[in-house]
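My questions all concern the structure below.
Letters A, B, C and D mark the chains as written, and numbering starts fresh at 1 in each.
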Amino acid sequence: MPSTGAIRVHNRHPLQGPQTEDKGCGMRLGVLTGGGDCPGLNAAIRGVVRKAERDHGDEIVGFLDGWRGVIEGDTMPLDISALRGTLPRGGTILGTSRVHPWMQDDGVERIERTLAEKEIDALVVIGGEGTLSCASRLHDDGVANLVGVPKTIDNDIGATEMTFGFMTAVDIVTEAIDRLHTTAESHDRVMVVEVMGRHVGHIATWAGIAGGATITLIPEEPFDVQEVADALRRRHARGRFASIVVVAEGARPAPGSIVVPEPEIDVYGHEVLGGIGSIVAREIEQRTGFETRVTVLGHVQRGGTPSAFDRVLCTWYGVAATEAVHDGDFGIMVALRDAKVVRVPLAQAVGELKLVEPDLWKVAKTFFA
Amino acid sequence: MPSTGAIRVHNRHPLQGPQTEDKGCGMRLGVLTGGGDCPGLNAAIRGVVRKAERDHGDEIVGFLDGWRGVIEGDTMPLDISALRGTLPRGGTILGTSRVHPWMQDDGVERIERTLAEKEIDALVVIGGEGTLSCASRLHDDGVANLVGVPKTIDNDIGATEMTFGFMTAVDIVTEAIDRLHTTAESHDRVMVVEVMGRHVGHIATWAGIAGGATITLIPEEPFDVQEVADALRRRHARGRFASIVVVAEGARPAPGSIVVPEPEIDVYGHEVLGGIGSIVAREIEQRTGFETRVTVLGHVQRGGTPSAFDRVLCTWYGVAATEAVHDGDFGIMVALRDAKVVRVPLAQAVGELKLVEPDLWKVAKTFFA
Amino acid sequence: MPSTGAIRVHNRHPLQGPQTEDKGCGMRLGVLTGGGDCPGLNAAIRGVVRKAERDHGDEIVGFLDGWRGVIEGDTMPLDISALRGTLPRGGTILGTSRVHPWMQDDGVERIERTLAEKEIDALVVIGGEGTLSCASRLHDDGVANLVGVPKTIDNDIGATEMTFGFMTAVDIVTEAIDRLHTTAESHDRVMVVEVMGRHVGHIATWAGIAGGATITLIPEEPFDVQEVADALRRRHARGRFASIVVVAEGARPAPGSIVVPEPEIDVYGHEVLGGIGSIVAREIEQRTGFETRVTVLGHVQRGGTPSAFDRVLCTWYGVAATEAVHDGDFGIMVALRDAKVVRVPLAQAVGELKLVEPDLWKVAKTFFA
Amino acid sequence: MPSTGAIRVHNRHPLQGPQTEDKGCGMRLGVLTGGGDCPGLNAAIRGVVRKAERDHGDEIVGFLDGWRGVIEGDTMPLDISALRGTLPRGGTILGTSRVHPWMQDDGVERIERTLAEKEIDALVVIGGEGTLSCASRLHDDGVANLVGVPKTIDNDIGATEMTFGFMTAVDIVTEAIDRLHTTAESHDRVMVVEVMGRHVGHIATWAGIAGGATITLIPEEPFDVQEVADALRRRHARGRFASIVVVAEGARPAPGSIVVPEPEIDVYGHEVLGGIGSIVAREIEQRTGFETRVTVLGHVQRGGTPSAFDRVLCTWYGVAATEAVHDGDFGIMVALRDAKVVRVPLAQAVGELKLVEPDLWKVAKTFFA
């Protein structure tokens, strides 16, 4: 798929054609990781660096703690040997933060200054919706030559079939549900599992199917807690006394069904409702009389070694990002489409929230109580 | 090690010597699992049944939901084929509950009636401190021929080096800590992990060592939260910005250091303090200014497939329990001592709470900040 | 994507339109699993059955041991309760075999007889290239109403991005490579890992990338063992003394480079070369002098619990296969395309061997020594 | 338990009492890891170093590649920061080899020279039977102040209940057997699994019980392959068509039962018989007609991240070894006894091969076909 992202060569860091073809005089490439921790960040960095150093002779500069490092000029050198052993390791050797350029008045100017001082020809930005939105705007404003890599365990970035980190999170949640099943069965209990997914229910839907959930609640479809209770009661009436209810943290009741606390507003302006798992558990217990327990999986979903799938995806993304840089194809994000890594405009990627595939959601519902 | 448990052959269900030697006319053996879910319950039942059916020609009766099944006469037949495929499966095919004989006026009488009606010669009781205390008392009162098997993820039963379920819980917690490390490092955060252990800190100590915790708090040693905060600050001053603090759910502050909510009283009369992980996290953040997050691992610690170690331990315990029954050696619990399974008096086992081995606690502290 | 498979309603088992819409008088649906064991078979069967029983009121008949059960009329009834607990379980409750209809003179006639006797309206065939080729031919010959589900850990079936079982195999191999790394490093050794993949190198390529292989050899690209040895020697000269070489079992040397044994011919007429891992290891050791060891992963790659990804894929495939049956859309295979499950003609699916994506192979090579 | 190892303070590197008490003037402590790779080596080194640096102010010198580093004076400095991140990592940052002092004429002299030149006060030797035998002899000859740490996945070292690495190997083998079960069941096959254990059957016995093996063959008890075949045939006659046979690599047939190749002699003079798994598989298939496959697990058993149990055991051993050094208690090995780490004479530890506990072997046999 051809990229529709126009190539912008801004005037401060011109990309002379020959540079990218002559290994002897490579580019100076910056890399940063922003947003929340996510399995595979190191593997993505490693993919960028390996391709850049080996095939293009680039020098690579790592910016520390996401946009903070670019604003403040805080860097570390990156080469193949610095990445040794990082493929299976979770986290990011660059650190990350939620700092963004418009948090301070002169954020963008300071970014321009850093890129000039460090003589950065292009920047590979590895991050989620927040981080990539910044990249898109900086690209539009001609501040830098940028290529995005989609990272988020939530898998909610449009224009790509899969973000990295997501499948690892699904593995972790599925393993937890496998364990909770036996406790549910031993005690004839309803076990409610709250999983990540503030705006979309990808993790809940996938792990709900993989873990054999009785019911799954996702942000895409407001739920009626009385219907949930009724379904569980019908199931008990059929002699099945143990149930697993998977609740995405962003799931919310249909208007009027139950009262929930006011949502908070997060750093990117999204509403976040806390503790929906506990609310659902309490309501189920009250309406059915069935013993109900809640488990909030929390941060274990976003750390640790990436799964094999994510390691491959990250590596491919990283290599493809470097290729885009050397093609002078900026303002794009690498993306998975039809089992291939392609390029899509950053603006398109961050402009849409990717919801759960309706067919898959129907599959999930086929197994509901 | 010879058992010191006197052999009690009560008059309602006499154990005639020849019975146990003649495979053709085996005993009628009851089995129950009580208390909380725990990996390995099925493996232990399977060990009891295999030995009893194969080597002694016993008939085995499973009582459902712990003492409830004995009180109410609720049973299922158990034989080798019923246990097929259960070795790696978590939970208990018998179900479990926290019902106990003295919860109701005529509980003990009903137990006597059930055992007489079902012609049960002996009862293998698989459970933790609560369940085994009941067994010990029923033995002392001459109600039944009982053999205990020590199960609890907390590992707090005296007289045995290891209860089953414990090592699986340690594996699960360690894997979670491994994952939390990368998030702590990526964000320069303090991650507080609350793990099971109401009265003792075995899981916290083992998983804290195995997971490389910065500090571990256990019930055995009241903590001063200011000292915890100071230690973390010293660590940050040395350039280590990420920390993992493991907190056993029963850990509590030294008198006067911080105010915590009143503990609840659980079904066995023990005090239970809720939410210590969150309290510790809040105090750390307030006293250090370091970003701090809490994860409460909860029920995932007690379900799912047992580890290889627990499968072996359960199987050995189960086989040994049947051997004790056929030796007419009642009122005992099977126990791990010096890499062998031996018999110890039930009264001794439930009379003492096993604390964390002081030498191991010293090892843990060697790695504290 | 619309199916191009013509709907064939053969005269022995007419599908009356109303049947599929009236839950009260559903169809009689047969299911079989053929070929080698593969994680997710049970999950796929469960998907078929759940959708058929719940939404269409079908009766489902399981045929035992693949085509053998259809030829011999050997069946078991399948309903939702029969599938309980099978989602995470590897293997297939139906059994499998490599028997096929043309192994015996009257195989096809016996299949027709069985389908008539059992009044089977349609058959869902879960299998790899061999099993689905039979299905395609039976469809073309008008023998039965067939829908295929692509299963093979090798991922070599055309017309679908992914077969189920593949990602689980990649997980298993990656975990093994992770372990072999440390032994390679501790001993300054070359570790050769032979993995499955007779005709294509999907497992080797994915696990090679995910595991950080030094070199990967696949059937798609004949190798020169002297080049492999030279690359390892260059790597050692750079101070990296430990290497992992991943070899697909179907990898073979370029003509003239080394002599290997004659390949065997398998049941479907393909050539199979045994022991390429050992040959490569021996040649490397002789040509470099580096201590070299071989590990043949073998059957552990194809058994056990499916990964979360495969559980979702299988479930989706199973549900989609039942939907195709009730749409009267036969002669098709369900397939993954662009993150959706679609239908493709069986003939197309089995007509082409899917090779490793060239872009991904280039990514793999970026990391070669 | 008091150590019975006499304290030997040899004249070249006197241990002045005050040294060990004054953190300001610590000792110079050497560490080496010898023999085969084993999960937990890094964790043990980390335990030694942490205790030594933190509590005693020691300087620690790492010798590379086992005895080779001591003979050749090849070292790296070790301190707490050098060990960062190594707890969960398999392998050994010091490297290992099977070189030993008596392989060359002047090996012992060169060791003495190195220890004098590097001013090493004491040496912590982490290794298996071969490595520790050397340590014992060097101690007896007054060459150095030595403390041993028992490492071997085979668990065959006397005088300790558990060597580290063993439980991780059991976990890995059990997981492999879990996977092989489904293939055995799907295909009605006998699956033979060859596991490590040249002289003893600890891994085979533990993993055989944990994995639900049909039959396990270990070096401690020569087997009659006809009895194995007969047992499998009886099992099939009872309707159980899938079987797992676990074979320790050192298992061998009773005299006269089948002809096997001549054993090789390994570096320590032990006999090693190759390929017993394949021999057993071939004989079973020939004698029963049941389809039989063999899997040789090989090196995956000895690498990778240590289990939680092994991480705790290694850490405890490492800390205890440093404590022994500072107590001036040499010629001893740290050991696990009765759930505590104690000290035992090196001579005792290497003088006896620890066989499988007879009671546990009886448990294993309870589950045989």
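In this text, a residue touches a chain if its C-beta (ideal position, glycine included) is under 8 Å from a C-beta of that chain, and two chains touch if they have at least 3 such contacts.
Quantities reported herein were computed from a predicted structural model and do not represent experimental measurements.
Peer 1: Which chains make contact with chain B and with chain C at once?
Peer 2: Common contact partners of chain B and chain C, which must touch each of the two, are A, D.
Peer 1: Which is it for copies chain C and chain D: same residues on both faces, with over half shared, or different residues?
Peer 2: same
Peer 1: Looking at C-alpha means, what's the farthest chain from chain D?
Peer 2: A
Peer 1: Where the centres are mean C-alpha positions, what is the separation of chain A from chain C, in Å?
Peer 2: Here the centre of chain C sits 30 Å away from the centre of chain A.
Peer 1: Between chain A and chain D, what is the separation of their C-alpha centroids in Å?
Peer 2: Chain centres of chain A and chain D, defined by C-alpha means, are spaced 42 Å apart.
Peer 1: As a quick test, compute the distance in whole Å between the mean CA positions of chain A and chain B.
Peer 2: The mean C-alpha positions of chain A and chain B differ by 38 Å.
Peer 1: If you look at chain B, which of its residues touch at least two other chains?
Peer 2: Answer for chain B, listing residues that touch two or more other chains: 175, 178.
Peer 1: Would you please name all pairs of chains that touch?
Peer 2: A-B, A-C, B-D, C-D
Peer 1: Applying the document's contact rule, which stretches of chain B touch chain D when the two form their complex?
Peer 2: Within the complex, chain B touches chain D at residues 47, 50-51, 54-55, 87-88, 161-162, 167, 170-171, 173-175, 178, 206-207, 209-212, 307-309, 311-312, 315-316, 319-320, 337-341, 357, 359-360, 362-363, 366-367.
Peer 1: Please give the residue numbers of chain C that touch chain D in the complex, ascending.
Peer 2: Residues 33, 36-37, 39, 41, 89-92, 95-97, 172, 175-176, 178-183, 185-188, 191, 293-300, 302-305 of chain C touch chain D in their complex.
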